[in-house]
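The two complexes that follow have chain A in common; it is paired with chain B in the first and with chain C in the second.
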Partner chain A sequence: MTRYGMLIDSTRCVSCFACRLSCQTINSLEIDKAFIHFVEKEEGVYPNVKVQTLPIQCQHCEDAPCVKNCPTGASFQRKDGIVLVDEEKCIGCKYCITACPYDARVELKKDKLVQKCNFCYQELEKGNQPACVQTCIPEARIFGDLDDPNSEINIEIKKRNAKPILSQYQTKPKIYYVNEIKVQEQTEKDIAGLTSLRSDLIKPAAGMVMGAAVAGLAANYVVATAVKNKEEKEKRGEENHE
Partner chain B sequence: MSKIYVKRYSIIDRLMHWSVALGFVLLSITGFVIFFQGSASLLNSNIGSFIRILHRIGAVLFIAAPILYLLFSKKRWAWSEAFKWDKSDIGWLKAAPKHYFIGGDGMPPQGKYNTGQKLYYLFALIGGLLLAVSGLALWFDWFAGKTNFIVLIIHDLSAVILVAFFFVHLYLTSIHPRERKSFEAMATGMMEEEYAKHHHERWYNEVKETDLVVIEENKNSSKIKPITSNNLSH
Partner chain C sequence: MGKNQNSRNLTRRTFLKLSAITGTILAVEPSFGVKEWAKAQETNDKALKIPTLCNGCTSRCGIIAYVKNGRIVNIKGNPLHPTNKGTLCARAYGAAMLTYQQDRLTTPLKKVGNQFEPISWEQAYKEIAEKLKTIINQYGPASVMYMHNPKDVGKFYGNRFMNAIGSKSIQTHHSVCYISRDVGLKYTIGATPAADTANAKYILYIGRSVADGIKPSHLKGLIKGKDNQAKIVVVDPRHSASANLGEWVPIKPGTDLALLLAIANTMIINGWYDQQFIKEHSIGFDQFRKEVSSYTPEWAEKITDIPAAKIIEIAKDLGSARPHALIDPSWKGAFGCNYINSAETARLVGLLNAMLGNINQKGGIYLSVKPKLGKLDSNLYPEPSKPEINHIDGSGVIGEYPLVPEDKGMPHRTPELIDQGKVRAVIINHFNPVRNTPDRHYNINGYQKAELMVVCDIWMSESAELADYVLPEPTYLERTEIVESLSGKKAGVAIRQKVINKIHPNTKPFSEIITGIAKEMELGHYFNFSVEELNGALLAPTGISYQELQEKGVGQTKEEVEFGKIPKLKTSSGKVEFYCKAYEEAGFAPVPTWMPPAVEPKTGEFRLIWGKQNVHSHSSTANIPLLMAVTKEYNLERAWMNATRAQQLGIKDGDLIEISSPLYTGKIKVKVTHRIYPDAIFLPGGYGAFAKNLKTSFNFGLCPNDFIKSATDPISGNGMMMEVAVTVRKG
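And then the complex of A and B:
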């Protein structure tokens, strides 16, 4: 099985932002919308200053909270692990934007739908690499098959000791980073517990509560009608008797 | 034929009630379409955007009517009745299961609203407030991230609880074989004297001097006559 993933070596990144530009171009995005954003950190005092940049985009999580939260099934995961948005099904409710711990999702202005990095799946079909990988000047990005133990990406992940960021959210992301910057945990994004509470407990319980209410009322109707009819019959019987 | 009725709900009361009712039904149907995964796929189509607009229209009806009522109706504080509880309410709750299944007496005399109605009123007030505020927060993006998701869960829970109670309300007022007569009161504003005496004795005693009317029903028309001291001799 193929399972696509990416390695981003931010120690090689030169902050040229070309990946974002090529991504915007290939996806025909509006000029102020992008699927890649950057976390930057500056260290030291002039003239000994060090700048680090960490490009962040959709991590194509194995346990994707966006897929779990999408009410229409517009967000889905392909067999090769790529998470996509089916625009025909998207209704712009933005639950996925709330759910994503990586802020990787963007509301498009033109039709108010939500989109994000799609690992350039159309380029992959042509045998090309994703646009951001193709364009990266310092070759900080490596794309490949995580299921193949001999792939370049797997070898490099081991060699450079690359790890996913924000793994504490336990979404099993598929982008591995070599980084000196710590991405700050966003406490307001720690909603994995809440999302499963909603989809695994609240929704089925809601169905049961309302079903129980209807069933109880139906039972009441049957009993109350029977009792009433019986009483009326007895009444009539007595009247006739008299 | 003529019958004696008690005036129960003014035209303003009824407009408020039916506006909230229409809003609530629109809201719950359109809301559950997106809540349940299966039906949510309906929203992809053109019907989808219509459903979402209906949800907003429902919201406006549901929220605006009580606000207008609170601002302009003379009976604006009527809802405070729902907070007045005493011993007879406990007696009512104990006797209610038997009464609603098998019928029979043994219910303590009730005011304008019986204990069950007060309970529903309370749920409608608190649940409605939670629904409205959380709904506006979701509509106008007041919050983001985790807070927004908690607001969504509050919206879910208050909706589910309120809909379950709404089923009970709908059932008792229009389907239950012994109680469905009470539907008349919210439809016409009038309650049969007999029913009022039996179901709301304390309230009936308060208003029997002032709010009784005689309705004469001919084949084609019905006339409403206020009861004066002249014809009170029944």
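And then the complex of A and C:
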């Protein structure tokens, strides 16, 4: 069987945003919507300082909370492990946004639906690599078949001791990271952005499928708060430029 | 991957729906928007894949444009192009949107009073030609200035036009980019070399960040070097995006020369250099040895703030790894255009590389080869001769700026030349000097006095706003330019060609604009050829057909660097010059000597340093919404401030700060970080647009040029872009 995964070597990443832009372009996203976001972590005191950037996108978790939480079955996983969204089924309820520990899902406002990295499955069908891999100048990304023990990605995961991040959520993500700096608690919060709101929802949800019936007041409150926080975050960003 | 292997797949219809509704990146302009894009997708036509050259910066990487129904739907890197080998940086994707940008100019404009009015091309050509003729008759041809960021098409047509009118007044952007690097390296090793970082065992960067000012081949070279276990040392006041790939050695800005002098001294004292190479291939080494003998690591420590032990370690490591060791020839960085001592720093870079015996050695520096291109048959296409006059701005003129290359000039000096009445007319192509050279008001006041200012651009830049005539060009995706040289380890050619028809039919490429003006000046006989005819002539000796080049976008010619063989250098002696007669004749120290920066920040002040971010190419991309979205999301416009200094001033991360120089005061949010030298403030270049029609970048962020007084380094003619002290307080 083929089971697609990716290695991201943050010791090679120079935070140039090319992956984000190539992804936005090939997926024809709105200008301010991106399937890849970046978390920067600085450690140390001048002059002994290091910085690391983690590009974050859909981790195509094998135990994907978004799939479990999707009330309509729009989020699904293919046999090759790629998690996709069937837009004809998506009702834009955003439960998946709340469920994702990686903040990897994006609400496409024009469409009133949610999308995310799709590992460029259409490029794969043409024999190409995902756009983010193709464009990466310092070759910080390796894509391939995790089920093939001789694949480059498997060899490099072992060689570079690459590991998934936020593994405590036990979603079995398929993106492996090479880090020099340990991803600490705070960084995890940065990655998730909305961890405190999310954790309550994720934990019970991890083991069960959240049906439409569960989408009661409580869940609505969480979703609404989450969205509000995000909007506030965006608004704050806008005020930065005087 | 077979489809049936998967339980489900998105249906074609679903994909179309996704595309239709979310399609905005390359479909951003409403009239060419969502519906058009969806329609393009619905056709069964395969996308045309047309190779051309990017315009996200000036490195001109190879791209493949995917075109459906006359619309660009995607771009990818051209795997055949040696600069980027199939990869692309963020700017490439942003630049691909330029064609559909709402701020584009669509018709020639003439300033009447304070307003621009649309005019026809015929009127524009006629009026510009008449005005030029009047100015030339009255003040002489040297009073007509041509300013550009030199690329092959602008060099060919622009310079030919200037030759035809008899003016040598040509300026490139180099005095605010890398003129000092080129001067310093020219007068030591004959030319600016390239770096074989991929095969090096030791790489020393002085202020250059290949991960911020990305040229893909430079970044790839660093990564390959890292993969081959090279020791990488990045000397920079700021922990740049490259610093993580090696060891960061912070330095007091403006003192790189002291570091290099001390490295030279240490290498000589300890014999850590290639004595045989120096004996056989250089002149003046004894004088140099004597001059640097007082520049000890302890001396340099006091000036640079780099511990003496670290300086000795660098010298030793360089020497041990030679000849597979190099000091990167850099770009703008520490010695391109920033300090009064930049040309001397560049000389040391040339001389230290020579001491490593690394010229044209694997893992060292090498002198790139260029393709031999043909030219138009002058019997059929009369060629104007080069005028034998002095450059109006003093470049290359004895008694003025004798060492400044006259083909580059000093564009930051033009406002004062206009003020003095020496320059009367200015033609600007592919350049925005009003925003991108120091001192906004000096620039505005100067250019406003020009009797004729013509700007060719795709949008209303700060320079265009001041112009009398603004001539709109099609974007790089809508025009075919002339065959370009690719230099490197192997030489080659590349072509930028039209991948879609013009979106705005009343735009014209620079080659046509110049031809149109020339015809009205009765100089049309110098432009009696098409771009296609010119390209055929250029390609003739290469054995590559025009058709083949159009299909592949790039072709390799036969020239190749002979590694291991030391070429004859293009210095006046043909050897490495530790003692330079040209410097002596010009009244400068023939042997490089310590020279402090011109401005020394007082206690409590900061030096304002600045540089490129990898999502932007100065002001030329700040107005691209896709790239500005990244800036805004990640607050990239912030000023960087050292955490300890910030704490002393009661400034917290994200606070608004006020930065003041004698010239300008501006407010900006601050990034408080340990990644910067305590007495430096870093600003990203490229923001702070003040042209009101640049709707995305207008009035956003700060531009370092506003804080800097226009000045000129006497040796290499640079604009002294970091010779400025500022005060900072909570805003």
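Everything below uses one rule, namely that the second predicted complex is superposed on the first by the 174 of 242 C-alpha atoms of A that agree within 3 Å, B and C clash if a C-alpha of one lies under 4 Å from a C-alpha of the other, contacts with A are read in each partner's own complex, and residues count from 1 in each chain.
By our rule, a contact is a pair of C-beta atoms (placed from the backbone, for glycine too) under 8 Å apart; a residue touches a chain by one contact, two chains touch by 3 or more.
No experiment lies behind these values; they were computed from the predicted model shown.
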Exercise. For A:R160, is the partner it touches chain B (first), chain C (second), both, or none of the two (neither)?
Worked result: neither
Exercise. Looking at the overlay, does A:P138 come into contact with chain B only (first), chain C only (second), both, or neither?
Worked result: second
For this session: In the three-chain superposition, say which chain, chain B or chain C, touches more residues of chain A.
Result: C
Exercise. So, A:A99: does it touch chain B (first), chain C (second), both, or neither?
Worked result: first
Exercise. Is A:E88 in contact with chain B, with chain C, with both, or with neither (first, second, both, neither)?
Worked result: both
Exercise. Both chain B and chain C touch chain A; at which residues?
Worked result: 88
Problem set entry | Footprint of chain A on chain B - complex, ascending | 34-37, 40-41, 43-44, 48, 52, 100-103, 144-150, 152-153, 156-157, 160-161, 163-164, 167-168, 171, 175-178
Seminar exercise, completed: The answer for chain C against chain A in the complex is residues 1, 3, 5-11, 13-15, 17-19, 21-28, 37, 73-77, 84, 86-90, 92-94, 96, 211, 214, 216, 219-220, 222-223, 226, 239, 241-242, 244-245, 248, 250, 614-615, 625-627, 629-630, 632-635, 637-638, 642-644, 654, 656, 667-669, 673-676, 678, 700-701, 731
For this session: Note which residues of chain A are touching chain C in the complex, please.
Result: 2, 11-12, 14-18, 20-22, 24-34, 38, 42, 44-47, 49-52, 76, 78-80, 82, 84, 86-88, 108, 110-111, 113, 115, 122, 124-125, 131, 134-139, 237-238, 240-242
Seminar exercise, completed: The chain A residues in contact with chain B across the complex are 71-74, 88-89, 91, 93, 95, 98-99, 186-191, 194-195, 197-198, 202-203, 206-207, 209-210, 213-214, 217, 220-221, 223-225, 227-228, 231
